[in-house]
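The first chain written gets the first letter, and so on, giving A, B, C, D and E; residue counts start at 1 in each chain.
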Amino acid sequence: GSPQQAATGGDGASSAPVKVGLVYSKSGPLASYGKEYLEGFKAGLDYATKGSNKVGKRTVEVTEVDDAGDPAKAVAGAKDLIGKGHKIIAGSTASGVAVQVSALAEQNKVLFVSGPAATDAVTGAGKYTFRSGRQTWQDIRTAAASLGDVKGKKVTVFAQDSAFGQANVAAVKSVLGGAGATADEIMVPASTSDFTPFATKAHDAKPDLLFVAWAGTTAQAMWTALGQQGVFDVTTVVTGLDIAATWPTYGPVAGKISFLSHYFAGAGGTEAEKAMTDRVTKAGGTVDLFTVDGFTAAQMIVHAAGSTNGAAGDDADAMVKSLEGWSFDGAKGKLTVRAEDHALLQPMFNAKLTGGATPRAELVKKLEPEAVAPPVATKK
Amino acid sequence: MSTLVLLTLTGLGLGALYFLIASGLSLIFGLADVLNFAHGLFLGVGAYATWWAATYAPFGVAVAVGVLAGTILAVAVELALIRPLYARPIQQVLVTVGLSAAGVALLQAGWGADPLTFTKPGWTATTTRVLGAAVPNDRFLLIGAAVAVFAALLLFLRRTRYGLIVRAGVEDRAMVTALGIDVRKAFTVVFAIGGAAAALAGALAATYFGSITPGLGGSLLIFAFIVVVIGGMGSLTGCALAAVLVGLVQQFANYYAAAGVGEASVVLLLAVVLLVRPGGLTGRTAT
Amino acid sequence: MTAIVKRWWPLAALAALVCVPYLQIPVPGVLPDVLNRPGSLQLIAICLLFAGFAVTYDLLFGHTGLLSFGHALYVAAGSYTANIVVTKLHWGWGPALIATAGVGLLLPVLLGAVALRVRGIAFAMVTLAFAQVGSILVMSARITGGEEGLSLSDTPEIFAGVANTFRLYWLALAYLVLVVLVVRWSVESEPGRVWRAIGDNERRVTVLGLSPYRFRLLSYVLSAFLATLGGVVHLLLLGGSNPQITTSAFTVGLLVMTVLGGAGTRWGALLGGVLYTYLDQRLAALAGSDAVAGLPAAVRLPLEQPQFILGVLFMVVVYFLPGGLAGLSQHLAGLSRHWRRAT
Amino acid sequence: MTSTVLAVDGLSWNAGGARIVSDVTFDVAEGEFVAVIGPNGAGKTSLFNLISGVQRASGGTVTLDGADITREAPQRRARRGLGRTFQTSSVFASLTVIENVRLAAAAHRGSCLRLWRRASSDAAALAVASEALERVGLADRAREIAGSLSHGDKRKLEIAILLATDPRVILLDEPMAGLGAGDVPALTQVIRSLDRTILMVEHHMHVLLDLADRVAVMHHGALLAIDTPEKIMADPTVRDAYLGEPL
Amino acid sequence: MSDAQRSEPDSTADLLQIQDLHVRIGGSHILQGVSFAVPGSGVTALLGRNGAGKTTTLRAVLGLVPRTGTVVFDGEDVSGRRPYEIVRRGIGYAPEDRGVFGGLTVAENLRLAERDPSPRYDLVYELFPELRTRAKQAAGTLSGGQQQMVAIGRALLNDNRMLLVDEPTKGLAPKIVTEVAEVLERAAATVPILLVEQNLALVRRLTDRAVLIAEGRVAYTGTLSDDPERLQELLGVSRV
């Protein structure tokens, strides 16, 4: 046949399985995020299909593609999946991958549920793009919520000089600046090997709140430098809580940081969380930060595909319609897919670490979805 | 004032770290003319071995274990990979590229991609007040180690014939043998020392960063390259000078100029030095 | 008979490659899907594109003896320039191509003019430095999207959508053919001989009245220009630009491909590029396969690391096949000649 | 006397803290053959390096056809018609013998930057190259890789390369060094037939006396004397510094 | 084939015996069965046209090129030894292209060659005073002749039992050629020398014993004066 015909695979018969493609980091630098996501996804699928692994009469067939954090591999994998007739794609551990796969999904009218990637850019990226995790805005709102009244206060963002850090700075300026605080930033190159100059700057700035936005392997050195230069003596420090494996890297200052958390094991306190934890533990995994993203993604996909007894599994537009505005009970609590921009409204948490060398996370406060909702992103 | 002191001392500390990483690279490059891309791997192996040993033994012993591991690896690499390729210098460099990729992947297979926490031993975790500045003690450790390594390597080069043999061997290996010298042994010794220096740098970098990842060596290697080249390829003294220069420039630029200028300024410093003095700060000599 | 085969097989191979989108051949295990499906076509297209990059790199390294650690800069310049003009400035594709061509000429002329003042490892390091600055800029600038990259907002209609992957495939193939023809031609041209001669004895070239600097610059600009064009193909193929293509690791990848295939040989860089890219893209899938999952941990864990397999493979080639894969084919040809003569 | 082609005036070069060529002055007339002799380390090769531009002079001037070329790059000087060989054989080892010479011919014809032109299609350059090889007696080895030639053949190839660039002034640095007794007369013949303005460093006295119109003697970087071979051979200081007792 | 070629040398007096030496490099068969012996005193000249294989013969003796055949030094078969082991048995080598290390200083070049506990610097400096004054200069910047001095100096530094010297006067000024001839003459009084040399006058002054190589084979072994015509024919016919 002609090349174009060859490209449109998938027979669409109603008894055929619903094909779901997971494009995520099975290897590469974000492999442990990917592992959590996958465990969560499997648990979520089992939970949402009540153990049947079926939507309506159709079984769910999951294909995993390892992108190793490389957008080129992710795009190739996604194209392959779409070519083979997948109408549903989920995954993307890395923001770079999420942005690229989202564009592909929009072009090809395929449902895309983005995973742990926190970039705000995915929200409102298009008709077919959804997200199962939180976004930077929600992180910032969470931090702000823990502050109470910020009017007249001085907030400094200690941020990695990257898209991630810049997004944080922008969000802080908008959220806290809007609430009457003055916000400024200390941008730190991602490849810095000595944080002392920046820590000194942070100390000298003497803000009322220091918001730290750092992702990367040198986090430990950064916390040590902040501690040694006495930053904790002059200000309150807030940052996002990473996966449990990294908790020891906060070192001796762990107890002094106020954490905003997307999720940590036990934070949700919901039925769904219990179900998730049971399943993940039984499968030999552990529940952590990104387990919920996988779990939520599975819930969303099962709902979308099952909207017309499974037939919708091949109709992306129908699936989009069924997801938009949908509220459901997730592991974190009540989740809502906002119709306007597909942001996932969700509870967030304030936490602290206790226990010295082997830290444990403790819930300080659960913030309701509305309190941390991001502004509506303009649709492209 | 205290800021100045702090920046100077930590800048020196950073320079010391760069020197520790670059010295082994410089030694192997300057003498054996092999730009060793696996240097980062030697460093990583040193760091992981130290990390592993630190759970069983005191810090000093753990570092010794790390250095030993790096040395053994370097010797094995020289014997198995570099030696058979001595007539093909480009292939020597390339084989280290492959080794580096494979080795780092192996570290990742063994210990995962996530950072492993490396607990700083007692004293190094604290700070000392110097003229009002809180200087982290690990910087003093780094500076001390760098000075010791510098002295030891200078002694090696000045007092033994190995340096001479290897330099001559790079020019004309057959002729060195024709003078009745077992040139292969000298190459192995130089690699062993380069590997030991790398592993020591790895152990100390682990202490410095407080965590280790398989990619640790790779990310530091680029700075080591820059230091080696600015210093004048293969010149140990130049390497030390360049390390201090790069450390200080980076530290001060990061504080006084905008973010990122520190890194970019170092890279531009490299380009400028090379264009003005293609041989680096010092010409090309091995002492 | 054999002479005919020898002379025309590249054309036959090209014809076969052009026809691939019409061939509905199942190739289980080798490709992710049936030969002419988007998944397979995308994979082959990436392989062809990277083979093209490798050939441009070989022009520098294999044919001119310039070890550059900054080739990635030009691929990135192509991808990002076109992308920014289209996505951020909304000027459309015509201006994007003109701007990219301009950057692809101007940037290497400027940087090459400076970097080529030094030689050998110093040259490698200066190019590394330039590329590193480029990488830092891309990573931290807003207009490039930093580490998240920049997805292409306006894909030309004929390339949009997975159903049109076969056109992207043809585009990549066309790019590779262009690069091979240009590089092959330039190597056989007068300057090509001078490049070889400079590699042998630079001083001698000088006293013949030729300026080695100019010839090197010519090679550098030509190679960089071709790489910049490839950057645009890369942009279309991926539907976006990402900072991975700015890193020195990307350039080292090209170096590895070139050597793997055999630097400075007829088909070496092309072969190496295809093989390396194929393995790089596919090993992850193979490592995740059930066959590997059943192995004991000591064997399985390394095998699950594509970089491990690639690194080892590369070492094996460097070690046992000094001329790369192209050397292997010559070796085999020699053996078969030997064998024919013996019988 | 015919016109002066090459003039060297007060030429000096310092390196490594020492004065290696000091204040050398002489003229060479059109078609003249000047032999340069002197003890090892006297600065003969260095003088050639300064004239050909491989080294930059510290002082003094070099004039070619009335134009001051002291500050010009070696390739500019070569294009003005100044050709040279090196003391150690220097050919393009990975190219074939004919390619070595053809490249030189193409360089001379200024066609080397023509990216659009196939090297092998340059028939004119090829013809020049074949003729040059014929003249030095290497025609039957044209297809061999230059690197595999024996020492003597490499020396001949160098002369052929030189011939192909058709220089008007030629600097030859010990072209006979290492040649067997059998090859010396033949190469002498080739050099004689060049029929150009030539400066040649050579230690083979009989060759030199055979070819030279004048002999320049260098010692410790300075020009000790420049005169007819007979006068130079008779000069006791030259005998003392350079020739010594015959074997 | 001359009779001389087949005449077996007296094995007891010969320090170095070479039997059926073959060298193949990159597909070309360079030495095709070279056999001769070098007695334990005086100078033995190894003659032949350019490209005949003289240099290759010396390198093969030291094991610097892949070779088959036997090399017996002082009654011991050293064919299987590595080059540095052969050299340590007391062979000094001054190679054709001088083999100085250009990046090393003159002093370093000499220091590298030291093998004995008390190297004979006094002898070397007496012969070539320039090596003392230029001790700190990089050998690569030496003039051709000065480099030759370094090469010969290195061979004389140790108490060797045999010297292999390849074209020592190439590129030397006539006066130095005479001096080198004297040096070799003096050295030959104490140590046997296998000498490759194109300068026949010099060879005649040093010895009458010659081995002639042509096209990778021994074409003549005997005295120089024995058969001057034939010798002239073998050496002197130009190929041009």
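By our rule, a contact is a pair of C-beta atoms (placed from the backbone, for glycine too) under 8 Å apart; a residue touches a chain by one contact, two chains touch by 3 or more.
Remember, predicted model here, so these are calculated numbers, not experimental data.
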{"item": "Common touching chains of chain D and chain B", "value": "C, E"}
{"item": "Farthest chain (mean CA position) relative to chain E", "value": "A"}
{"item": "Most distant chain from chain D by Cα centroid", "value": "A"}
{"item": "Dominant interface by contact count, named by its two chains", "value": "A-C"}
{"item": "Where chain C and chain D are represented by their mean Cα positions, the distance between them in whole Å", "value": "44"}
{"item": "Centroid spacing, where centroids are CA-atom means, of chain A and chain B in whole angstrom", "value": "38"}
{"item": "Approximate Å spacing (C-alpha centroids) for the pair chain C, chain E", "value": "51"}
{"item": "Chain D and chain E: spacing of chain centres that average the CA atoms, whole Å", "value": "30"}
{"item": "Sites on chain E at which at least two other chains make contact", "value": "none"}
{"item": "Chain A: positions in contact with at least two other chains", "value": "161, 189"}
{"item": "For chain D, residues that touch 2 or more chains besides their own", "value": "none"}
{"item": "Chains that touch, pairwise", "value": "A-B, A-C, B-C, B-E, C-D, D-E"}
{"item": "Footprint of chain E on chain D - complex, ascending", "value": "15-16, 37-43, 45, 87-88, 136-137, 148, 150-153, 156, 174, 177-183, 185-187, 189-190, 203, 205, 241-247"}
{"item": "Chain A residues within the chain C interface of the complex", "value": "1-4, 6-9, 26-27, 64-68, 70-73, 75-77, 79-84, 95-96, 98-100, 102-104, 107-108, 119, 121, 161-164, 166, 189-190, 380"}
{"item": "Of all residues in chain E, those that touch chain D in their complex", "value": "26, 28, 48-51, 96-97, 130, 137, 141-146, 148-149, 167, 170-179, 181, 198-202, 205, 235-240"}
{"item": "Parts of chain B lying in touch with chain C, wherever the complex brings them together", "value": "35, 81, 84-85, 88, 90-91, 94-95, 97-106, 108-110, 222, 225-226, 229, 233, 260, 263-264, 267-268, 270-271, 274-275, 278"}
{"item": "Parts of chain C lying in touch with chain A, wherever the complex brings them together", "value": "21-22, 24, 32-34, 36-40, 42-43, 46, 136, 139-140, 142, 145-153, 155, 160-166, 237-240, 242-244, 281, 284-285, 287-288, 304-306"}
